[in-house]
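Structures given as structure tokens follow.
Okay, so chain A shows up in both of these, paired with chain B first and chain C after.
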Partner chain A sequence: MKSILRGGNRVLISKSTNVYTNLALERYLAENIKHQPKTRLLLLWRNQPCVVVGRYQNPFAESDIKYLSEKQIDLARRYSGGGTCYHDLGNLNVTIVTTREDYNRKKNLHWIVNTLNEAFNLTLHVTDRDDIFLDTFKVTGSASRLERLYAYHHFTLLINSYLNDLRRSLKSEDQMKITSKATSSVRSSVLNLADRNNSITYEKTIALLIEKFFQWNNEKTTTSCDYIDPLLYYEHIKDFENELKSQKFLYQVTPPFVYTIEHEKQPIEISVSNGIITDIKGNDSIIDKKNFLGQLFHGVYHNIQKLNKT
Partner chain B sequence: THSARTISIDSLPGSVYRFNRRLHTSPVFFDSVDVIAPPFPESVKEGTIRLLKKVGDKVAVDEAIAEIETDKANLSINAPAAGTIEAYLVVDSDNVTSGVHVAKLNTSIDVKPVSESKTDAPTGEVKTKSGQSTDPTASISLNELSPPAGALRDTSAPQKPVAHPIKTYATIDPHKVTGTRLETRVKMSRMRLKISERLKEAQNTCAMLTTFNEIDMSNAVEFRKKYADQFLKRHNIKLGFMSAFVKASACALTDSPIVNAVIDGNEIVYRDYVDISVAVASPKGLVVPVIRNVEQMNYADIERAINEYGEKAKKGTLPIEDMDGGTFTISNGGVFGSLFGTPIINLPQSAILGMHGIFDRPVAINGKMEIRPMMYVALTYDHRIIDGRDAVLFLRKIKQYVEDSRTMFLDI
Partner chain C sequence: MQSTRLLITAQRYSSASRINHLLRRSLTISNSTIKINLINSTLSPVALNLRSCTTSGLLSLTRSDLINVRQHLPVRYASSTTLPLYKRIALPALSPTMETGTLRSWSKQVGDRISEGDILAEIETDKATLGFEAGDEGFLAKILIPGGSKDVAVGKLCAIIVEKEEDIAAFKDFKDSTSASPVKKESLDEKTTPSDKTVEKESDPVKKDDSTNTKQQQTAPTRSEIVNDRILASPFARKLAQEREINLELIEGTGPNGRVVVEDVEKFIKQGSAKAQIQVKKGKDVQTTPSKTAKQCKETAAGYNEQVSELQAANARRVTESKTTIPHYYLTIDIQLDEILKLRNKLNDKLTPKSKDSKDKTSGITIKDFIIKAAALACKKRPETNSVWMDKCIREYETVDINVAINTEAGVLVMPIIYNVDQKGLSIINTELSQLSKKASTGTLNGDELEMGTFTITNLGMYGITNFSAIVYPQQSAILAVGGVETKLLLSTDSPKGFRQSTVLNVTLSCDHRVIDGAIGAQWLQEFKQFLENPGSMIL
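On to the complex of A and B.
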């Protein structure tokens, strides 16, 4: 078996369904593989139920944090920007890694659309926001990261996800309460591919993508396709994985925001920066500032909710 | 203007020099580098800038200092050189266009002037340059910097201590023992730190023990002598003993898959391929590249692979992925004349074969004493997954395959 970090046109399928492991693996491969010009790496992965927010988003504005912890749905922040998405085993993650010069998101999306339309008799199209829609429903969301020497474009593909769980997880009561310059998601109605053609399964889709990927890159054989067990590379990816799991990265890299609640018709504005409450404006008699100033916002979130009474 | 330096010579033995440096301005020494955002991909015009560092932070070359988020693509802005962030010319979360001037980077080696530059701020000059001494003796690190007389000392910026103990300048050669009863402290290199870390890790993880055996090299020596020229003529490389041992190990590993396996958590991972790590000398020290799929190679393939790695190692062009992985390691102490010894396991593997020197020894063959070229071999193995019996039988298989290479064809 050749080295895992060699370049060339390759397909790797992750054996892990842990979102933190997979995100760490994605970054490790993108940063360390010797990318050759005019070649692509296709990484295929899926996760146990989780919500993934973009690098500069506010998790409280994008999802129902309380519901996530109740249902033990993981919350993760990825390194690339963009909006929030819900993953479960019915949602395929695809990452295409290339050299910086070869980065071309439209080409990737058009390849996917053509491949799926032809094989499954669908009518997918690419929008100008670089989403893939089936009629008026969104089936794919994209995000990219460009570094000096390499770039990656990753996107999700709703095959047969639990859409009710998706909607419930991404519903945020706090959206209205938060003012900030964080990236906000653009919401759309979603649809599973399997809802339109019930012969589509996860297994069929990845088999199709692997075969067509090598054709697309003018490779004669499909031998450069491997399953990768991220645990075997634990030493290499553990720093990324620990960062992704850390409270600091999940909550404290959120761009500064102001969280406004109402207590008996009086507004209270809580300013949060780097995850820490830096200022509270409001009637001093209602809120005991000592208990909140300097605290981590996500740590005292429940107490803040209790104050929010009209 | 010139930099003012005060040289005071101590009467301590060893003649220690202490430098006092003053700040000066001079247009010749310009260490400020502009960091500009690259063009945005996909002809996007605007983006949001996110600052990842603060003014005064020290950054390494290529470290990310900011990111620009365009519609779903994140563009990393990296430091073009190592230095300190002098100023950001944009505000966090601002909208920016491509080609925007993001920051100013101070790339001078001396960190202190950044804080001292703040004392110049009242004069209205944003750009300050630090003095670069052209005196060759200034290559000795500064013991202590004192700010210009009368200037305010800015203690707000955190600084790394520059002080070195005076002992460092005592002139003794760490490699010589001259009896002057002095010590020299030399910081461990990164490579040495990494090596010591990995060695301890292996010791702390595996239940390591070693089993020994000896190999009668007469047949191998004769075989090599007989076919050396023909081999060299056809393959243009020398036929050594490593190929015999590498191939013998591969056959033995195919026969005993547990030695080729490794523990991961609470599972044993069996591999259906044999990748053998072979130690090769390089100018930087010993490196261990991996020969992949040895089970499919013959002696010529193996010698060629070792030769290629040797060349690359000499040139220093051995890529890091060639040293990654491996299911088994062979270490050859024999080149230095070692008789006997216990190698240490190369994680994450489960066993390592140590070859030693070939020395003529009297041995008993069929009741008679004969002088044979003998080599002691050692197998250090992880007892967590390899039992004593397996280890001993495995080593005996290697012995068999080296003593009589024809047995590899018999699959016995």
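On to the complex of A and C.
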């Protein structure tokens, strides 16, 4: 059981499609494997439909919260920075874990671009912002987490995702209403790799990446590739998983923001800090402040929306 | 570390005054609690005629003894006349191109004890979150940049750490008085100063031992890291880097085995490493020059400094990139609008009675719509103008998506996009354009509407400008600058008077010479002129 944490150039593919489990597994592995300099751990995973926001983002500004709950699309916040993405089974997640010194996003992305271009006859390129674009369309978004001894860089790869669902989930009407210092996503038009070359599938891609990964690391043994069932390590990852699922981490860790609504033609500014409504500025007589002050914003969000319409 | 170097250098000098100087320097750097039986109490400067006494003790030390001395010396502390010894914590750079970061939250409070490896704060930059850890032990005395601060410059002083708990109070009202000094001291990334390269060579063996004891958190962290690493690079890349005095460590290698190749070096230079370089190279000088130039600015001209907004900065970058990378040339032509005006009036008469909707305040089709349509058709006829230079190839776009420049009342220039103009009818173009104009004036254009298209049209005719030359946008190859409409008298053999009145429009096409040859550009204008002067040909 402990051998899962051994060092060296390895590939692990997660059997779980639960976003919270996978994010917890990612962090657990990054923190606990025996990091060896100049070696990389490649983690491949995918999730059931979900929206993943960056560590310092505001989920209300990045996605349609109501739509997500209606369609039972999970909402998760990851530990790394950057913007929001939509995951589903057509979207491959790739994480590359290295020692802190070996952290190099551009190297990782160039490897992917070269591998995919060669194998699938594409014209992908890496941009300044560490995205991968195919012509003018984005196919990959990156983010990373750096700690003292290790660092991981993860990115998504749109193979065959439902782009309409993606657009619908990431459309936020609250974007205009929110003022904050949270990281905002830079929106781009997206494209599936399979749209450009319809022979590309999820299975083919992971097989390709596994094969090329060992080559890339000049690794002679190409057998360090395992499927990992996170449930077997539940005891180890449950703390992370619970944190990721908690309302606190999802909503209350959002950087402070001001939510502005219009109620009876008057603007009302709701200040939220640590997920709790700390102040309401606006015409006093109109709304009953008692019901809102001190409440968790995401708890009374529905009521606020109602106020906005009247 | 530096003090070790000084001690070693001290050994090499025979002149007493030089030794004094060097000893004095190491004194100010080290603290006085060295437990070595070198001398009676502390290192003391030498008197001219006492060459052989105390300093001989120092001079007779072997290298390994000096290393022992080093281990007892703490990391460099700053001190001033009124404040106790303290250490400055500045925002680290995670990559050579990183300029700012956001300090999201502090994990320690003022008064907390800091142990080596403790996380001080959470920093976010460039899609990466970093647990910024303490390099050394002590107590957090003062926080200068509060949590939640966005766009903090790399190298900016964020906090103060002191060695002793009782010193915390002295920093209650501490203010950062230095100008934006460069990153060096607490930088966590792998930079070395070229000027120190020679010093490095002698200190390398010293560093090897040190690095096993203290990890990566020394104040001069960079020197330990490159010792065991051989940077893979092609000979030419190495030479080029050496010429430009760039450290190969900073460059991402994209060649085989992660080798640094010439393209990487060139790209690195372009990426604005020059900025980081200047900071690194000039070392102490930088601290004085910004203050000097600031002073000079004050003395020359008074003015109002308006902060550049993100939009302005992005715009500035884009136009600079355009002007410096794209070889522009300009073609200009006059177009007689008489036929188009007649057609417009005819079409509008047909359209307006049909719209019975009282809310629909369409002003009808305008000349601008015709221009946009004609431009799109001309692009289709001359696909080179609907392409872009991509270094190794020229991409010919499949659709003609035109960005139309709109100057809002607020004074902001926006370029919303109309997709597939070649396939759209005039009325659709008209509707879309008016919608976009409305959105632009209220500032409600969304990301999709501000995407980069394949061609741009800009218009300054409303300001009375007769003609002008615009700047091609980076992802395009041409831009049409539409000037004002004038009524002119033209020679005409048909007319009995020998001349006739005509409404003339002047347009200038700016082209990227890498993609569009002069002849092609001229042909585009010919087609464009043809479409506008003989509107019927647009149907062909």
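The rule we apply is simple: the second predicted complex is superposed on the first by the 307 of 310 C-alpha atoms of A that agree within 3 Å, B and C clash if a C-alpha of one lies under 4 Å from a C-alpha of the other, contacts with A are read in each partner's own complex, and residues count from 1 in each chain.
Convention: a contact is a pair of C-beta atoms (placed from the backbone, for glycine too) under 8 Å apart; a residue touches a chain by one contact, two chains touch by 3 or more.
Remember, predicted model here, so these are calculated numbers, not experimental data.
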Which superposed partner A:R187 touches (first chain B, second chain C, both, neither): second
Contacts of A:L5 with chain B and chain C, given as first, second, both or neither: first
Touching partner for A:R55 - first (chain B), second (chain C), both, neither: both
Which superposed partner A:E101 touches (first chain B, second chain C, both, neither): second
Partner chain(s) touched by A:K34 [first = chain B, second = chain C, both, neither]: first
Which of chain B and chain C A:A143 touches, first, second, both or neither: both
Touched partner set for A:G82, first chain B, second chain C, both or neither: both
First (chain B), second (chain C), both or neither touched by A:H110: second
Partner chain(s) touched by A:L232 [first = chain B, second = chain C, both, neither]: first
Touching both chain B and chain C, residues of chain A: 55-56, 79-83, 105-106, 129-130, 142-148, 181, 183, 255-256
Touching residues on chain A, where the partner in the complex is chain C: 54-56, 79-83, 100-101, 104-107, 110, 128-130, 135-136, 142-148, 176, 181, 183, 187-189, 218, 255-256
Touching residues (chain side chain A, partner chain B) in the complex: 1-6, 34, 55-56, 79-83, 103, 105-106, 129-130, 142-148, 151, 181, 183, 231-232, 235, 255-256
Parts of chain B lying in touch with chain A, wherever the complex brings them together: 41-42, 48, 50, 62, 67, 69, 71-76, 78, 92-93, 264-265, 269, 273, 275, 290, 292-293, 319-322, 324-325, 348
Interfacial residue positions of chain C with respect to chain A in the complex: 94, 102, 104, 117, 119, 124-131, 133, 148, 150, 190, 216, 225, 252-254, 257-258, 271, 395, 444, 447-448, 451-452, 475
